[in-house]
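Chain IDs A, B and C follow the sequence of writing; residue 1 opens each chain.
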């Protein structure tokens, strides 16, 4: 699904000799500006729980956008996202953490500045992606889905056994973030803006906002340009893409790399958000959670991925906070659902319902409302929603001779 | 009547030499020792009854299938040893029989994919929106718009391809192939499923492409009327073998060809078209060729 | 040496169980071009059903019920969801099976809780010994049953009309449909068979030497996925070979764990995935999978 959608489907316009991008809808810009302003002033008014939730959401947005590039835009199913999250998180914790440890567990740590830890986290996740990309590049999209399972379990095994780095089963604490001496904690320095004390949650909010915005803009730019077009063609038909001059293997490898770097960044943010990391935070379930985010948002849509991330990642936290008010959320095993279980049911149903009934997800719904808004008569003049090319197979050659294994 | 080769054939376009090409899939031989030559700047048609191996031939030319035997030479290049994207890089373009466009993207965006091998912006430059990436995009966008105009798609540049008519989509296919600035254009059933008017427009466009750009065109088609009036040379395949090769009038009269078509009860035989039936293709999609 | 032989036997038996699960996976793929991630939770469903029903009804009836329930669940998934998505991109189908899997799994985990449910196999935990080399009777019977089922399946695949129909629709669905093959029926039957196979595998998986039904069983079932992939997703023979390979690798890795401590404790659980990745590096379509005809 393209980011520069058909905002000009109705009413043929004069051919413009230069532009390949249609006019951006003013409504969309206004909405985004409003959201941005609200986001900027939020810490002045909103309480800590929501700020912390927001930071977690920002981290999830980064991860979701990355996964969407791989799965939604390029059509390569991957369940390995949790692995790359782990690589980013572990790298940050190790590089910026102090060595030491409690009791018999000896922890290593380099104690370098957190910014370095963050950058290395992203880079190492990318390196891990690069190492796996020869496989990612050569497998058919569906094979990659199963193969990537392997990375998650191998990753968890490493997390559990490489104790000096990862803290083993119990995990380890994540060092607080700081930027050139400015601590993202409750003090150092004590900060008051507009009469509001800027503690850790407020500071992290802005960090997350900036990073999420950058991630979003980068992905949008990517999709509207040469590599983005190549990736989208890969999803629809690898053969067609190759015939058009796209080096399929190189692009599949590259998008895997980019996606893993996004995941690494998201992992670092996760570590900052929770304050510690443990192997159980990077299991298959997390990969599925991210998958649910991008499916809910609409496969292929960057904005959709962000929306999906907002819902899916905020939901369990909200469930937990309002557990006594929500009817179905109770204590596990006592008739109600634990918050975690309720969330998992949510992921499953979100995935199934979206794919069955509105494959374009939230982004698709938004597009429909926008179209109806512009044409309140709901008239036939509105162009029908184009069907995405349905077969992402290599099926382009029109005759397929007999082939295949005998069983 | 076929046109004689135009005076402005480009000197940088070599002949395409298909040399004894065979393709085997397991026990099935889709092509057996097929040879023909596409002279530079000509329109060369490949025809044959269903299942003759025409699309297999195209796939070999594009590098999608690997030839089991034989060679395909395009100047100094061996197409049979190159991967599809490399073949695109030396100026061989293909318009697919089944529309292989991205339905949700606009015409312009689909066409821009054709410029892929002519542009360089990578992930980093594109994501950061570096000036050189934007400039490159703009420059090529202008060229794309020109080509769209040429194929009467100028006013549909920003329409999603999925909402266009079938005929228009086929034009976008051809336009996209043109956007790669090819020296050799492979058109796989460009008028399949079109009505008489659309067919005529497409035939005219193909003629213009040849005369304006001077490139070589290889055409797979069932519509005999169109083939006979457009092609400089025709190669006929049947059951994976070449059974005739010559000018359209020669091929029409070739007894082998007549037997191949009439023997299989195919009504789109060249002979039928010669009597002015002007058959539009009765077998549209899903056929094997 | 006796340890080697015991591990070998154990590996073969584990491999036979994996082969059953992987075979179901491959059957679904060949019949409906869907990569189904539901095998794991279906297996757990089978195990849970057998465990719960064996107290009131005894082992044999419970086992049959387990197979029936699992097959039925698979059929429901296929009819309600997969069938509605015919023609959708393959990736959407795969993702939707992930959704189903997670719902089924969460519900089952909720019911099992932190218990370990017991399944009273008639053969219990007894071992079968030849000299010093032993294997649990449960696993021995698993090998036999799996062998029989796989042989029956291969015969059916080759000679029965359903087998022919399935091979035809796997190769060229459009033409198969034109020839009168009911794609929906082929697909439904494939899911039923896959569900049944998963349940049979479950029956043995929850017996000696790893008795008990707990959420961990799901993790074990997942290891059949590498078996299916490395054999080639569309190769039923590959599922068999893949299953055996994975079973043997896991058995030896766990058995020689002390010598392999540098790889981390519990490496045996992860070795199926490592083997899979190694195989895929060399053969991207799996050992016996159909290589792509088209070059990119």
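Just so it is clear, contacts are C-beta pairs under 8 Å (C-beta built on N, C-alpha and C of every residue); 3 or more make two chains touch, one makes a residue touch a chain.
As the structure is a prediction and not an experimental result, all values here were calculated from the model.
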Farthest chain (mean CA position) relative to chain C: B
Higher-contact pair (C-beta pairs counted), B-C versus A-B: A-B
Rounded Å distance between chain A and chain C, as computed from the means of their C-alpha atoms: 31
Chain B-chain C separation of Cα centroids, rounded to whole Å: 46
Whole-Å separation of chain centres (CA-atom averages), chain A against chain B: 41
Residue list for chain B, restricted to those that touch at least two other chains: 25, 59, 63-65, 83-85
Contacts with two or more other chains, residues of chain C listed in rising order: 293-296
Sites on chain A at which at least two other chains make contact: 239, 241-242, 248, 388, 396-397, 401-403
Contacting residues of chain A [partner chain B, same complex]: 1-2, 4-6, 8-9, 12-22, 218-219, 221-222, 225-230, 232-233, 236-237, 239-248, 254, 258, 383-384, 386-389, 396-399, 401-403
In the complex, chain A residues that touch chain C: 71, 75, 77, 134-135, 138-143, 145-147, 149-151, 153-154, 157-158, 160-162, 238-239, 241-242, 248-249, 284-285, 288, 291-292, 295, 299, 332-333, 337, 341, 344-345, 347-352, 355-356, 359, 388, 390-394, 396-397, 400-405, 407
Chain A-facing residues of chain B, complex: 25-28, 30, 51, 55-56, 58-59, 62-65, 83-85, 87-89, 94, 96-98, 100-106, 108-109, 112-117, 119, 121-123, 126-129, 133, 136-138, 141-142, 144-146, 148-149, 154-163, 176, 180, 188, 287-289
Complex contacts: residues of chain C adjacent to chain B: 174, 293-296
Footprint of chain C on chain B - complex, ascending: 25, 59, 63-66, 83-85, 286
